[in-house]
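Okay, so subunit A shows up in both of these, paired with subunit B first and subunit C after.
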Partner chain A sequence: MREIQIRAPEAAPAAAPRAARRTPRGRTVEMWWAYAFVLPAFIVLGVFHLLPAAASLAISFTDWDGLSEIHFAGWDNYAVLLSDDNFGKAGLHTFLYALAVVPISVGLATLVAVLLNAGLKGQAFYRTVYFIPVVTMSTAVGLIWKWLYNSEYGPINAALGFLHLPQPNWLSDSRYTLVSIMIVGIWAAIGHHMIILLAGLQGIPQSFYEAASIDGAGKLRTFFRITLPLLSPSLFFVVTTSVISSLQLFDLVFVMTGGNPALLSSARSVVFNVYEEGFVLFRMGTASAQAVVLFAVILLLTVVQLKLQKRWVHY
Partner chain B sequence: MTMNRKWQAKAALAGLAAALTLAGCASNGGANQSEEKAVGEAKANDAPAAAAETSAKAEPFTLQVAVWDEKLKETVQQTFEIYKKDHPEADFKLTVTPVKEYYTKLQTALIGGSGPDLFMMNGPNFNKFASLKLLTDLQPLVEQEQLDTSAYPEGITKLYQYEGHQYGLPYYLGSIGLFYNKALFDAAKVPYPDETWTWETLRANAAKLTDKSQSTYGYIAANDNQSGVYPLIHQAGGSVISADGKKSGLDAPESVAALQFMKELIDEGVSPSAQQQLETAPIQLFGSGKAAMVPGGSYDASTLYGMLGDKLGVAPLPAGKQAGFLVHGSSWVINAKSEHQQEAWEFVKVLSGAPGAELLAKNAINFPAYKDAVALWMQSIPSLDMNAFVKSLEHTAPYPVSKNTAEWQNAIIEEITNGLLGKQSIPDAAAKAASRMNDILAKE
Partner chain C sequence: MTRLYRLLLHIVLAAGALLMALPFLWMVLTSLKTFAESMQAPPTLIPASWQFGNYAKVFEETDFLRYFGNTLLLTVVKTAGQLLFCSMAAFAFATMRFPGKNALFLLLLSVMMLPHQISLIPTFLLVKELHWLDTYYALTVPGLASAFGIFLLRQFFLSIPAELGEAARVDGASFPRIYARVYLPLSAPGLLSLSIFVVMAAWNDFLNPLVMTSSDEMRTLSLAVASFVGEFSTDYPLMMAAACMAVLPLIVLFAALQRYFIQGIALTGMKS
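What follows is the complex of A and B.
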């Protein structure tokens, strides 16, 4: 992100006559004003994000059950995670989910954005349609899809049956549970990505395309040589945020498995585990340890992406 | 949690109002309580003389009440109106949370020192809440007022005792019966089920009632602890938990036989598969006419009547080696940290006593735990003879609970579901469920 610099002349045009007075003291006063304006946002961030994050880091080294006395537990909670079957499963599912959802949703969103940008008829209509899932509550999304997926009464299998195709038990067959959730995840993410990519596309000057066509470049070549490189800053943003949000998968798992333990064993995610450990079983220590591990992994992945971006993102 | 925030908001508003109206003298009004008292006095002064007489200690207060069943909303509201006659200063706020999140939310709130003043409680969660000291011990109140607990079935009263003390007053109980669809029976020319039915009669008739061309099933071997699995285990002569509550009974041959019976009915195609049940709940399948019989609770009666109308009938569950089921009931309990202990207790007595039970019965919600109201409940759905629910109560055993019931129940559901799905053999499923349950019990 770019840093915002506040300079005296821009800050207060009314105070122009005094602009000459650039004493160190004047600067400090302005600094304090800047802090004062940032403060409300910082308090909200601090109270609702930073403090709880710090608290869960602290709790992860204790055996707190939410009620009784707190005892220091050292690295015990982390050691438990190594042999925790559920946590291993959850890690695997979350990793697979991100691995499938990020590339496919970004790929499809790019395709949709390019098509919409090409001046398709009814562009506004399609843009709205693709964006609807983004503004819909994920619980509602999960419930509707649960019905769509119903193997006997759901429209998906009705359509498949009409075409004489196999009709899988989407959610209740453990081989497909996670895949079914991935499909919904992809569907729901496309709209969000598309809007950002569309904005990126519209920022590409037309002159590049004119030059390319004069040079005789075909459509595919133009896409790979002009569109993609110039879209890379938007793509980078979309990929990074998408990795983070996929690793935080929770609502869809919660809603679509209906909390049934048999279905969960093939679909539980890390954040679901944190929820279950902390707020169903009230083992705050291990729950916090899991959250801290997830945080570390997300941080690491994001740092790696920031490093790698130098190789493929063109500003 | 939202409820608590709302409560706080209300308290804050009340405080603000007090600060405004009494701006002159409220300059040192710090504590919320004193401000609320101030509002109360202000109101009492304005109120007509008649009301002022009764309000010697009439500070307005709000009782926060929580339940998990949407159906109860109106009944609890009506019961509150009765309570309000003696407590005109009372206000009340009911929160309904779906059962899946009910206990999670409640426990989080109670541990945080907030939450509703009184709420409904079930057997699987009671011991945990009581052992965490989140509930008010009602024993002194029961003794002091010589409350007659024999007005309720003994088993249900006992379910809400912790270390010999009463913590909850029973509200309703879940009697289990065999619901059947008369239209499907008539079409297949099979006589309606009655108390002479056994597992074998059930199996033979379920086959006759199954019509694969219409994809209707004769019976649903419901993969549900309370109405499906536990009753069969009991009928086979098995148990879910040992009498001392220390060991699982799921790996006993009788319990395995019960699960095997379910699996056979599924494999024979007379019952929908475990997979189908995961997607559409048994009661839903039966209610939409997809099955001729389903085991279900007295709490399902009004829902099913709404779906099937006059076609609905109910009989006692077919007997195996013995008849009956493990009976469960729910109760009202009080938040140990509630600021309105006495008021909450008064309301609990109305809810669980004759007035509350009669409303519960009249509205056809569920089998009232208050014995004298049962007759009224039986007439609540005119076309449905619910006698079976009452008669079956003679053959019941207590519902299986320990401190961490909810935790081992989850283990049981997972292993049995995987067994019924065919992912593991039934004996394996029973053995795994038992060993996981024993591990959890060992830690209690």
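What follows is the complex of A and C.
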């Protein structure tokens, strides 16, 4: 989860009495304490996040296997990606996954949030149930759904059979593997989006709706003219974070394909590829190049969304 | 709102809630069936005989208690670390003046924008160099602080009137004292929100333990659940019993602290 709207660091409030700080000695003391306060966190962040991210970029220009000597490889790793069939597939699957999961999960979450906000009895109960998948570990989610999808003993096909509907081999039919994973992704994300959107809805002043109803606006008109625009900051946040997390798809692919090469060829994701290149095939250079590409795409999409928000987000 | 309309809303919401809950219900029901019954087509809904022994069997056939302990340990250590380190840094950013503050804050924001995967490989190599692979250090130390945590707590601290700190300062209180006696006690909701995020992420984390550990002794619950697919082959009752126990603590925690969970999550979606 990330904050999108960022405030610049505060300028110190000018008027407050600052007797203790005015003296040069006081300022020096304050400075050293401040450094002491930020130091532990910045050591951890620097050593395990910032420097590794920079190192990733560097490693992506080498042919390192993590053990033997490092050779500079120029743009080779990136050039290879262009013709790498697995990476192409991973990119396509990840793109399709985000393309399906983001709009559908956000759309359904909006629907649920709006319905919940209507002030029914049992709101807290519904909210709880919708939220449970969010606190459930993704490997367990993957395992449960793998069992639900089981074509012979699973309840989904049993129900479809009962209704005399076609019973696809969900995960093991390469046409449906990715779709099956998308369904799980949507199912697992709705609760999270719903909570944020519900908070956004509850922040809309009731007087807006009263004014609309006095003006004789219908339900649909009220929704599109009042609810949606005023909800747009929350929607923007949900869409942006949802795009980022969809592009980082990994756990579900890992568990639901169980590493089966046939299933993977129709469901591998970019992060799965990074994992496989780096930790199964020990090609740190290619793995890093892929991670860098993923980062670049996420950054680009986030920037594009920040630009586009001016057109549809009303603060 | 007419009655009919209200009924309609309830039907839609209940149908959705059922879709959310059914997979969990199926998990619990399967976990209580015999292996033979789980392999019946069409599947039975209610177990013919309730096999509570499946849960005991998980402990007999795997080192489940150990996985549980590992997960608990890494969750507690990460949460404690983040609460301390993030609140310290947040205190400095929210209340103190020092050279380089803006530059460090920008650095912090850029760390927040980095997807975790980009640092995965070099972090792994670093951990390997430190001979930390397959140890608790690898599972905990990289997660002792987060840019997100600092940012979240900074927002909380900024909402505390600066005059409180100033007054304490005038009375001769040191910075650590103001941090510990003024800011921390007043930000309990913020600290609780951060804890919830860290606990959720740490307990459910998969990619990190997958990469950083290799032995059975270091396994976390999410790793164990994923690996059962291969180890128990098709023994779904055992797998579901294990999954059930792995997810239950967080569901219970969520049920107990629901209000704070929701506030915390909603808070991150707010304009700040």
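To be clear about the criterion, the second predicted complex is superposed on the first by the 271 of 315 C-alpha atoms of A that agree within 3 Å, B and C clash if a C-alpha of one lies under 4 Å from a C-alpha of the other, contacts with A are read in each partner's own complex, and residues count from 1 in each chain.
The rule is simple: a contact is a pair of C-beta atoms (placed from the backbone, for glycine too) under 8 Å apart; a residue touches a chain by one contact, two chains touch by 3 or more.
Just so we're clear, the structure is a prediction, and the values are computed from it rather than from any experiment.
Enquirer: After lining up the shared chain so the two structures overlap, which partner does A:172 touch, if you call subunit B first and subunit C second: first, second, both or neither?
Expert: first
Enquirer: Return first, second, both or neither, reflecting whether A:279 touches subunit B, subunit C, both chains, or no partner chain.
Expert: After superposing on A, A:279 lies in contact with both subunit B and subunit C.
Enquirer: For A:96, decide between first (touching subunit B), second (touching subunit C), both and neither.
Expert: Touch partners of A:96: none, neither subunit B nor subunit C.
Enquirer: Counting residues of subunit A in contact, which comes out ahead: subunit B or subunit C?
Expert: When the residues of subunit A touched by each partner are counted, C comes out ahead.
Enquirer: Quick check on the superposed pair: does A:306 touch subunit B, subunit C, both, or neither? Answer first, second, both or neither.
Expert: In the superposition, A:306 touches no partner, neither subunit B nor subunit C.
Enquirer: Touch test for A:263: subunit B only (first), subunit C only (second), both, or neither?
Expert: A:263 sits against subunit B, while subunit C stays out of touch.
Enquirer: Which partner chains sit in contact with A:127 here, subunit B, subunit C, both or neither? Use first/second/both/neither.
Expert: second
Enquirer: For A:315 in the superposed arrangement: first (subunit B), second (subunit C), both or neither?
Expert: second
Enquirer: Touching A:35 in the superposition: subunit B (first), subunit C (second), both, neither?
Expert: Touch status of A:35: second partner only.
Enquirer: Which residues form the common part of the subunit A surface touched by subunit B and by subunit C?
Expert: Touching subunit B in the first complex and subunit C in the second, residues 66, 150, 152-153, 258, 279 of subunit A appear in both lists.
Enquirer: Quick check on the complex: what are the subunit C residues that touch subunit A?
Expert: 1, 6, 9-10, 12-14, 16-17, 19-24, 26-27, 30, 38-43, 81, 84-86, 88-89, 91-94, 96-99, 101-102, 104-105, 107-126, 128, 141-142, 144-148, 150-152, 158, 162-163, 166, 169-170, 172, 174-176, 179, 197, 200, 203-204, 206-207, 210-211, 221-223, 225-226, 228-230, 236, 239-240, 243, 246-247, 250-251, 253-255, 258, 261-262, 265-272
Enquirer: Residue numbers of subunit A touching subunit B in their complex, please.
Expert: Touch residues, subunit A against subunit B: 66-67, 149-153, 169, 171-174, 258-265, 279-282.
Enquirer: Name, in rising order, each residue of subunit A that touches subunit C in their complex.
Expert: Result: residues 1-3, 5-10, 12-13, 16-21, 27, 30-31, 33-35, 37-38, 40-42, 44-45, 47-53, 55-56, 59, 66, 108, 112, 115-116, 118, 120, 122, 124-133, 135-148, 150, 152-155, 158, 161-162, 187, 190-192, 195-200, 203, 233-234, 237-238, 244, 247-248, 250-251, 254-255, 258, 271, 274-275, 278-279, 284, 287-288, 291-292, 294-295, 298-299, 302, 315 of subunit A touch subunit C.
Enquirer: Help me check something: in the complex, which residues belonging to subunit B touch subunit A?
Expert: Against subunit A, the touching part of subunit B is residues 100, 104, 107-108, 111, 132, 215, 275-276, 278-280, 406-407, 410-411, 413-414, 417-418, 421, 423.
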